[in-house]
Amino acid sequence: MRFDEAYSGKVFIASQPTHEDAKGVLYGMPMDWTVSFRPGSRFGPARVREVSLGLEEYSPYLDGDIADAKLFDAGDIPLPFGNAQKSLDMIEEYVDSLLTAGKFPLGMGGEHLVTWPVVKAFDKHYDDFVVLHFDAHTDLRDEYEGEPLSHSTPLKKIANLIGPENCYSFGIRSGMKEEFEWAKTSGYNLFKYEIVEPLKAVLPKLAGKKVYVTIDIDVLDPSAAPGTGTQEIGGVTTKELLEVVHMISRADVDVIGADLVEVCPAYDQSDMTAIAAAKVLREMMIGFIK
Amino acid sequence: MRFDEAYSGKVFIASQPTHEDAKGVLYGMPMDWTVSFRPGSRFGPARVREVSLGLEEYSPYLDGDIADAKLFDAGDIPLPFGNAQKSLDMIEEYVDSLLTAGKFPLGMGGEHLVTWPVVKAFDKHYDDFVVLHFDAHTDLRDEYEGEPLSHSTPLKKIANLIGPENCYSFGIRSGMKEEFEWAKTSGYNLFKYEIVEPLKAVLPKLAGKKVYVTIDIDVLDPSAAPGTGTQEIGGVTTKELLEVVHMISRADVDVIGADLVEVCPAYDQSDMTAIAAAKVLREMMIGFIK
Amino acid sequence: MRFDEAYSGKVFIASQPTHEDAKGVLYGMPMDWTVSFRPGSRFGPARVREVSLGLEEYSPYLDGDIADAKLFDAGDIPLPFGNAQKSLDMIEEYVDSLLTAGKFPLGMGGEHLVTWPVVKAFDKHYDDFVVLHFDAHTDLRDEYEGEPLSHSTPLKKIANLIGPENCYSFGIRSGMKEEFEWAKTSGYNLFKYEIVEPLKAVLPKLAGKKVYVTIDIDVLDPSAAPGTGTQEIGGVTTKELLEVVHMISRADVDVIGADLVEVCPAYDQSDMTAIAAAKVLREMMIGFIK
Amino acid sequence: MRFDEAYSGKVFIASQPTHEDAKGVLYGMPMDWTVSFRPGSRFGPARVREVSLGLEEYSPYLDGDIADAKLFDAGDIPLPFGNAQKSLDMIEEYVDSLLTAGKFPLGMGGEHLVTWPVVKAFDKHYDDFVVLHFDAHTDLRDEYEGEPLSHSTPLKKIANLIGPENCYSFGIRSGMKEEFEWAKTSGYNLFKYEIVEPLKAVLPKLAGKKVYVTIDIDVLDPSAAPGTGTQEIGGVTTKELLEVVHMISRADVDVIGADLVEVCPAYDQSDMTAIAAAKVLREMMIGFIK
Amino acid sequence: MRFDEAYSGKVFIASQPTHEDAKGVLYGMPMDWTVSFRPGSRFGPARVREVSLGLEEYSPYLDGDIADAKLFDAGDIPLPFGNAQKSLDMIEEYVDSLLTAGKFPLGMGGEHLVTWPVVKAFDKHYDDFVVLHFDAHTDLRDEYEGEPLSHSTPLKKIANLIGPENCYSFGIRSGMKEEFEWAKTSGYNLFKYEIVEPLKAVLPKLAGKKVYVTIDIDVLDPSAAPGTGTQEIGGVTTKELLEVVHMISRADVDVIGADLVEVCPAYDQSDMTAIAAAKVLREMMIGFIK
Amino acid sequence: MRFDEAYSGKVFIASQPTHEDAKGVLYGMPMDWTVSFRPGSRFGPARVREVSLGLEEYSPYLDGDIADAKLFDAGDIPLPFGNAQKSLDMIEEYVDSLLTAGKFPLGMGGEHLVTWPVVKAFDKHYDDFVVLHFDAHTDLRDEYEGEPLSHSTPLKKIANLIGPENCYSFGIRSGMKEEFEWAKTSGYNLFKYEIVEPLKAVLPKLAGKKVYVTIDIDVLDPSAAPGTGTQEIGGVTTKELLEVVHMISRADVDVIGADLVEVCPAYDQSDMTAIAAAKVLREMMIGFIK
């Protein structure tokens, strides 16, 4: 006999009792070993689950309920501390298994490098898809101080795999000059500062496409998401981020997977960031998993 | 001999020395026993008084001064811990006595359930008035897990007392599907997400009316009010909340009473939420008490 | 497929996979509705589980391992917010079921009133047992401001049930004059300020007895346990509290159940209190469950 | 009509309604303008009052009650920001008026420099008295970087006024070499590191004497009092500080006044320091005011 | 041999190794002794340097790099605690020396009074310049409770020196009635609440002018800058403040010096305010120093 | 021209201006990439420098001054994020260079793994020395989840290099059963729980020996050092840790180098841990560098 796990914040509210029943699977990737500034996002997934207790299960925005997504919270992948390569391998293997089982993978970071093995797994299962990336940072480096496995590199790796023309970054406001220039010359779709207007322009062009969505919580202004490793002022509001999730939900695209990363609870005494992440994830569950 | 109480944060700045001199009376309702997520709003009124010390007494928005409101800070009603029914009875009785004495009651919560006995007291003194409600949450449940005395229910109780057509809720972005549907079918006036534009549309229709104003601080975005029990992202800015108070102050309505609730200091290391509440209360004092 | 729940802090480390395998059962009682000062202990059990991740499973003090206790973490009992009587009934019923199933109940509060229904359940199953109580506060009131269901009353209720001569309180340093006087005249065993020396004197007298152990984390000095509702300076160290658990573990007594209460995470940015509670619970598991 | 001010933390619990009824008067000196490291003790008195709400009025240590002290909380003296000289003048004048009225002055800082004008006022009313000083710091400088009005100087000024042989400092663990050497050669009584044993030795020699007691909260170890401007590790426990207050209370001396200073709430998220100060003040009220 | 100081947050990132190489000089003015509400901005400059480590050196907004500004971080001027007049003298003398050496002075407060001696130094070197002032507060008092050296007075002193018609204040939302009225009648240019639109209107009129820019971080909404002495809700976003810096950078004006003041780290557990300040300073370096 | 760096917390107080003048060199090792629980000790050295500003330069315990140690603060070694092997190599190389130059190396962590390359460097320069290790944790694993470069392993590596009989661990209260057993059988000197008494017994046996001292701040009780990755209750007081440093300083041993590690500022809002570390380092400077 075990009490309802959602009650004590053990799993995301409204989680299905078993993996078998699920359409979507929520999983944590508690890794932060390549972070250059403030570490701690390894504790992000657990805190997001804990504060999900304060949410309603119903979304007035989408007039839907988490229950409709038949989501199963699988917990955190037990990644080995400090070993980046092995962590990435485990993530790729797990997401591969979810796709084989026909589940919708919804990931929680951890640092943004985790999105790289996730997309690699998708690339094995899908011939053609685009990545929609919401972030304050370009993440387009080839390496960080000589290290190719760095949280500054995932979008570059992804662009190299699926083609820069299939990558769309929104809200970008920080990076090296070289990264912005590479985006310009390579055909990579990079939209600075804003997320709503650029997405509005892009979505019609993606009609009928399969899309993977990755959200770095630092795309939000630090006022709305202080609990993250590298705050960048001049960011977007939670209203705008919610609108983006709703626009994608209603667009003529086929969302095949998604993640939300870089929640770092130690820098947020009020849990504002984890609460924001939990609600954005609720909207992603209701809007993306069909 | 006692020093100026405002100096050490004992009473709201510019409080009158005695109840007799006052046009308006500020009183605290330090109750949070029916809160479902994060408790602690019982400490809200005391912290709001403490930080009021940092405010100017003059409002450039309204070109007025707290002194004009002749406000007396009566302190907190000594509510019995954990006993909801008795607490509500004490609040009702006290507000009744204020109205009998011809004072303008300006309440500070505590949880939102406190507004229910306040409105009951007004209902004894006024035949006809409307309630303007600013909140992230519907608060329209009949009960919460079997309990009719819950912080999720006050507006439903009020609607049942004065009629749903006399209730106007603004900024609502969280609730159960059933609550939104009941609002739609009952004639209750519910405006989602925004507060300024809907109020602009509503105010002309209320010309000449008596209005009671109740503000849940969580109508603000968590970025502006992290210190509250149940944060809901996608909220309004303090600029918008100030504008709403100013619009009501200048409208052709007769404000007969007001409250501001749900400040919970433990989740806000910077006191941002209490400072916001103190300034909004200052504007309510200057704009509403005539 | 679900990952190891201990990894993401969902259950206490080293929890057994099922209730059936367990000798001991850890359960949470997330209730704080009768607290007079700072509420929030409803979040205690979840935070204790989360930080248990940082502990070793082996105790060098007792040269034993959590695995030996075959502990199952059952989660939190889903108590109804604000309804004290119903919450107490649910706790009593659950502990009754554990005792019927032959499990060792190890509870986590929540406020101290939860110990009352726990002891009521034990009283149905055991003819004769004593209660060892470690606390800063007497908790010997009959009521608090007219309310008999209060966190200031559990030991009085227990004394009335099993006889004051079967109650032993240690570390007491706060209470009303009347409570201290009642203890003196009634035969209740109350030891002020200290825990190690008085227990050393008492334990031999309890040889062969059945004992229930209840620890209020505020018996610790606030320097070691700031995250609790009502701090009382002049408390004991964690070394002393560990020693007490070890003394009982090695004594000629039969521990039949235990609890640890009043961890309130919101007032402890460093999680020091939850970490202390987790380690004391580990020692209780290894030392008490045989 | 005003509610019980103690309820909302406006005045220290159990304060008398008027100055006239009082034997003792509690007053705040919210000054921190000469502090060299971390400022903010100006907010100490208000926070101490607020958390006094969590205390019992009865002391099991002294078997007495605050009510016996007939204490009146006069609030904070409205000191002018940044103007040290004028602030000191106001303090001296106020304490002078209290002594003239036959009241026992119990002060709360603010920085330690405030004790200087207090002792000057006592010096006008009493021919012969000693000062018992509990602190981590010598406070025996003549000036700090050229400034004679500094929080590093009060005990030197006092020694110059009443004679170094009438000053007793306990718990001292930080200062300049010159300060320690001056103490040695001047006849000043300085006891390093410890407070209980040295006081035990000193008290019999003071039989029949009038004594003023000044406690800097930083005499406590930072683990027990993090919320202070200049923490110094290696300090005493709250048990030891309570014992010191109790020893003085029971000694054959006539306590004529006292203060407790340097509580700085901004550096203590748990309010541990203010709660410690409130309880030590309770014991001083019960033990010192006769 | 000393390691790169920027690495451990000792100096602002990308600081030149020596004063000689520099076009611009960054210097701290760690003074907060005349602050009326929450002190602590003396620690602002050190924290801003520390968090600058998390910034990129490249600005996508201005397509420029800190390296272009050839900035030297000179550290903090060693101001004497509590001595306002001497502190102001030291600041004036230092800025005077920078101007004589042909460097661009970029100051960090500390409280806003520090801008007064800075402008006095500029007044010796320049016949004709205007001051652009971004702030929540008027800072136009003649004195504060009798004290002419107060953080509420700097703009009044500046207006008296260079003429009110050469002062432009933006974003103002708090002050005494008398201050607003003096601005109106004296020819002082005061723009309430907003910063972008008023500046857009003003900049063309300043074509060819020399301008000094002073930014009080509290011009930002408290949601974006909680770590400041006196928060005022209804403020501007970081997007708007960045836009203002960019507008001035691109305008036909000659920026001759600038400062950013009132960062108070103790009230901001997430370092959001210091991070905002660091990034705004980066944009000022890149945009203003030519 | 640069201002005194100690003033703004850029270097440890009383640092010599150049490496050449120094007898001792303070250096930071900002690495935390192999930490299993709470990361963030990479920010430890910078925060320790910052708070050193609040210390006196004189020690009444040792009657000495930092100036006597002629200490130069070299800053932090620029370690590559996430690359453990390269970080360790850089540390070893740097310490090697210090020893070659005849300086006393005084290191600041960072995680405890940094002590491994430091001791390797000493092993090249000294034939025979012992390591005195103060810690809550054994740190005697061969690997952590398959990873040999882990913060759980440094003392095992050191024991393998210099012989277990030359290693002395004090205060140990957490580890795996296997670690305690290996210590017992291998001749490793491991003292559980306490530090003062065991050291008192050990020191005479080390007469005339060269010793390296490594202090993990978590040897302190969490009440005195909450800001560390893995708190373990039942720890020692700061009085005891100071006494240990003083005992070594006065003993007939030749201290050849030392470090203090695992300060993690994000979990300590009051900076208590960094302040403790700074003062212990001051005593180490004065007592160890001769």
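Order as written gives the chain letters A, B, C, D, E and F; numbering starts at 1 within each chain.
Convention: a residue touches a chain if its C-beta (ideal position, glycine included) is under 8 Å from a C-beta of that chain, and two chains touch if they have at least 3 such contacts.
As the structure is a prediction and not an experimental result, all values here were calculated from the model.
A.B. asks: Among the remaining chains, which ones contact both chain B and chain E?
C.D. replies: A, D
A.B. asks: Which chains make contact with chain E and with chain F at once?
C.D. replies: Common neighbours, chain E/chain F: A, D.
A.B. asks: What's the call on chain A versus chain C, same or different interface residues, using the half cut on shared numbers?
C.D. replies: Comparing the two copies, chain A and chain C contact each other through largely the same residue numbers, since over half are shared.
A.B. asks: In steps of 5 degrees, what rotation angle do you get fitting chain A onto chain E on the CA atoms?
C.D. replies: To map chain A onto chain E, rotate by about 120 degrees.
A.B. asks: Which one of A-C, E-F or A-E makes the same contacts as B-E, at least in over half of the residue pairs?
C.D. replies: A-E
A.B. asks: Need the CA-centroid distance for the pair chain D / chain F, whole Å please.
C.D. replies: A distance of 37 Å separates the two centres.
A.B. asks: Between chain A and chain D, what is the separation of their C-alpha centroids in Å?
C.D. replies: So the centre of chain A lies 55 Å away from the centre of chain D.
A.B. asks: Could you put a whole-Å number on the gap between the CA centroids of chain A and chain F?
C.D. replies: Here the centre of chain F sits 39 Å away from the centre of chain A.
A.B. asks: Give me the residues of chain A that touch two or more other chains.
C.D. replies: Expected reply: 38, 221, 223-224, 267, 269.
A.B. asks: Using the contact rule from the top, write out all pairs of chains that touch.
C.D. replies: A-B, A-C, A-E, A-F, B-C, B-D, B-E, C-D, C-F, D-E, D-F, E-F
A.B. asks: What residues on chain E touch chain F, complex-wise?
C.D. replies: Spelled out, the residues of chain E in touch with chain F are 1-5, 7-11, 19, 27-28, 30, 45-46, 49-50, 74-78, 269.
A.B. asks: Per the contact definition, I'd like the list of chain C residues that touch chain F in the complex.
C.D. replies: 53-56, 58, 60-61, 63, 65, 221, 223-224, 237-239, 242, 269-272, 275-276, 279-280
A.B. asks: Going by the contact rule set out above, which residues of chain D touch chain F in the complex?
C.D. replies: So the residues of chain D in touch with chain F come to 37-38, 172-177, 180, 192-193, 221-224, 226-227, 230-235, 267-269.
A.B. asks: So in the complex, which bits of chain A are touching chain F?
C.D. replies: Residues of chain A touching chain F: 32-36, 38-40, 42-43, 80-84, 144-147, 149-150, 266-267.
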